[in-house]
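What follows is a single structure, written as structure tokens, with notes after it.
The letters A, B, C and D name the chains in turn, as written, and every chain counts its residues from 1.
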Amino acid sequence: MLRRIITAVAIVVGTAQPLLADNAVNPQADFKAFRKYFTERFPKVPLNDFVNGPYSMDAGLRKQWIAIDAFPPYEFAVDKGKQMFAKPFKNGKTLADCFANKGIGIRQDYPKFDAKSGQVITLEVAVNECLEANGEKPLNYNKDDMAAVTAYMAFTSRGKPFDIKIPNDPRALTAYKKGEEYFYTRRGQLNFSCASCHVQNPGNHIRTEVLAPALGITAALPIYRSAWGGMGTTTRRLRSCNSQVRGLPLAGGDELYRDVEYYLSYMANGLPISGPGARP
Amino acid sequence: MRNRHLILIAVALSVIAFAGVAFAASADDFKVALAKAEAADKQAYAFKNQWTTTEDDLKKAKAAAAAGKFDDAVKLAQQAEALANASIVQAKEQEKLWTEAVIR
Amino acid sequence: MNEFPGAIPGAPDCARRMILKTAVAGGLAGLGLAASAMISPVYANADAKEWPQSAFKEKNQAAVLKDLYGKSEAVASDKINLDAPEIAENGAVVPIAIASTLPKVTGIAILVLENPNILAAAYKIPDGTEAAVSSRLKMAKTGKVVAIVESGGKLYSATQEVKVTVGGCGG
Amino acid sequence: MPTIRVRAVVSGNTTEVQSLIQHPMDSGFVKDSKGQLIPPHHIEVVQFEHGGKTVFTALWGPAVSKDPYVKFSFKGGKKGDDLKVSWVDNKGATDSLTAKIQ
């Protein structure tokens, strides 16, 4: 029954919007094909290991990661995030008050589609909306405090499977489809899409990096990147992908960034949260 | 003798002035080139597909103009325009082409 | 985020600690007295005077060893296990572990031969502490990492090449 | 917030100590966004003490990674014992922490 409704909605959306005309929105079918592609291409990688990105692809890297993860450099961010979470705003409320279960163990539910605004709410957007609703300044989307808060939230959610829902709402399906489009669209002077690296070439080297598989790629975020010498958020990860192909990055909280995270996280449904992560 | 000298100087000056008009770009030339480049860049922005190289050239063009190097400034602005136009072509092409890359 | 909250010179917390440090150091000047007067063990703080400044400025192995250990020759030994990656994931963070089965080890040093100053770290190993240490180092480019072990007053070494594709001179 | 993180776990007669310290460890070879060299800023000495005795001393140069990590083991620690860690950097800043062996 549910599937029939989704299909019906998809058809309506498909006819209403020229963008979607020859591409009926079918997240479940996409999900199956996506999962099949990665598990068939990397039969030796256990499904839950995809969330470990390049370490699931390269034994040498993995050994260094295990050495580093014995006492990982993101611990300071997790602690800072924990403090920030408990610290009262000027109005006496806290970040914890904005979230279900006081924000503990809920990272796997993000991004969420918000029926009120008709938009996708990523964890980072939710944090800033919480701050603004309480008369506090929003955080920089890239790193520092935003990375600390989300690192703490991810840390308390480790091991919980991604549970992204695409409700029966044409706006949600459109956001999902736009996210998919963003993921596969070539951009920048180098003419690369996200998929060029993370679907067509995971495990291969581009310049100096071992490319991570797209499957589960949002599960480890935020990450401490040695190349950055510090923490970075999902926004920072997307922005750096853009600039690496000589595309101008979008602003944090941009609709397209929300949508692509929605798409990728839906593709990762069932895979465990592994963030915060450590990456080369 | 003296007259001839004066004439020579006058000729020399006119050659320089002529060269200025014919071969060197002016501030106005730059304004035109910049306006074109910025219009194209604005369109690329509407596609959310600006290239960093376009932005770099625009910055460099403005810097060259500020330093009075209008030849360079015009060249850079034209290059920026070309890059912006290429990014627009890319964005338009990709509106359909992206679906070919999707895992099915 | 304040990248480095705890160590801003002059910040109130640090200032307090620095005063405490001076007090403890003062107590130690009167050595035995201070120690016997206290019931709990006396703890000294890390002392910057211990830092071998000249060794950390040297450009070649012999000079580093001379500064650190008073002798410049080290003999290659298979009783040193130097565990470094063949290819560093990033030159800014290269995990390197050294362990030795040599007797009476008193010191371990790590040299990165292609770095601007080749001595990366030196460790003092008192009696009762194992001759094994792991740390994370920066490497500017591909090159040799040398582990030096001081054992029974003699120096031994082990060497491994590490490929660095992204230099970590900065970190 | 403390700059020192330490984990000391006893197993048999051996205590394994791992420590992570928050510090920029600026090498002095890197330029900031304005093209100015960032001056060296690094920890010089880290000391680990147990029972009034120094059990390990690290002497670090600027080639030790940012937020440095070190692991070593010593004999004689018992569960519940104090282990004190302290560091000093080239600008004279210091921090210290006393942890319990687990």
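The definition used in the following text is that a contact is a pair of C-beta atoms (placed from the backbone, for glycine too) under 8 Å apart; a residue touches a chain by one contact, two chains touch by 3 or more.
In this text, all values refer to a predicted model and were calculated from it rather than measured experimentally.
Chemist: So using the touch definition from the top, which pair is joined by more C-beta contacts, A-B or C-D?
Modeler: C-D
Chemist: Go ahead and note the Å separation of the Cα centroids belonging to chain B and chain C.
Modeler: Roughly 55 Å separates the two chain centres.
Chemist: Averaging only over C-alpha atoms, locate the centres of chain A and chain B and give their separation in whole Å.
Modeler: From the centre of chain A to the centre of chain B is 39 Å.
Chemist: Which integer distance in Å separates the CA centroid of chain C from that of chain D?
Modeler: Result: the chain centres lie 10 Å from each other.
Chemist: Can you check how far apart chain A and chain D are, centre to centre, with Cα atoms defining each centre and the answer in Å?
Modeler: One centre to the other, that is 34 Å.
Chemist: What residues in chain A touch two or more of the other chains?
Modeler: Touching at least two other chains: 68, 73, 80, 229-230.
Chemist: Touching two or more other chains, which residues of chain D qualify?
Modeler: 1, 22, 66, 69, 71
Chemist: Chain C: which residues touch two or more other chains?
Modeler: 3, 92-94, 97, 134, 136, 168, 170-171
Chemist: Identify every two-chain combination in which the chains touch.
Modeler: Per the contact definition above, the touching pairs are A-B, A-C, A-D, C-D.
Chemist: Chain A touches which residues of chain D in the complex?
Modeler: Answer in residue numbers: 1, 5, 7, 18-20, 22, 66-67, 69, 71.
Chemist: Which residues of chain A touch chain C once you look at their complex with the stated criterion?
Modeler: Contacts found on chain A: 60-61, 63-65, 67-68, 73, 77, 80, 143-145, 147-148, 207-208, 210, 226-227, 229-230, 280.
Chemist: Which chain D residues qualify as touching chain C in the complex?
Modeler: Within the complex, chain D contacts chain C at residues 1-3, 14, 22-27, 29-30, 44-47, 49, 51-66, 68-76, 82, 84, 86-96, 98.
Chemist: Can you list the residues on chain A that touch chain B in the complex?
Modeler: Going through chain A, the ones touching chain B are 19, 22-23, 30, 33-34, 37, 180-181, 184-189, 191, 193, 195-196, 199, 243, 246-248, 250, 254, 256.
Chemist: Touching chain D in the complex: which residues of chain C?
Modeler: On the chain C side, the touching residues are 3-9, 14, 17-18, 21, 35, 41-48, 50-52, 56, 92-94, 97, 112, 115-117, 119-126, 128-130, 132-140, 168-171.
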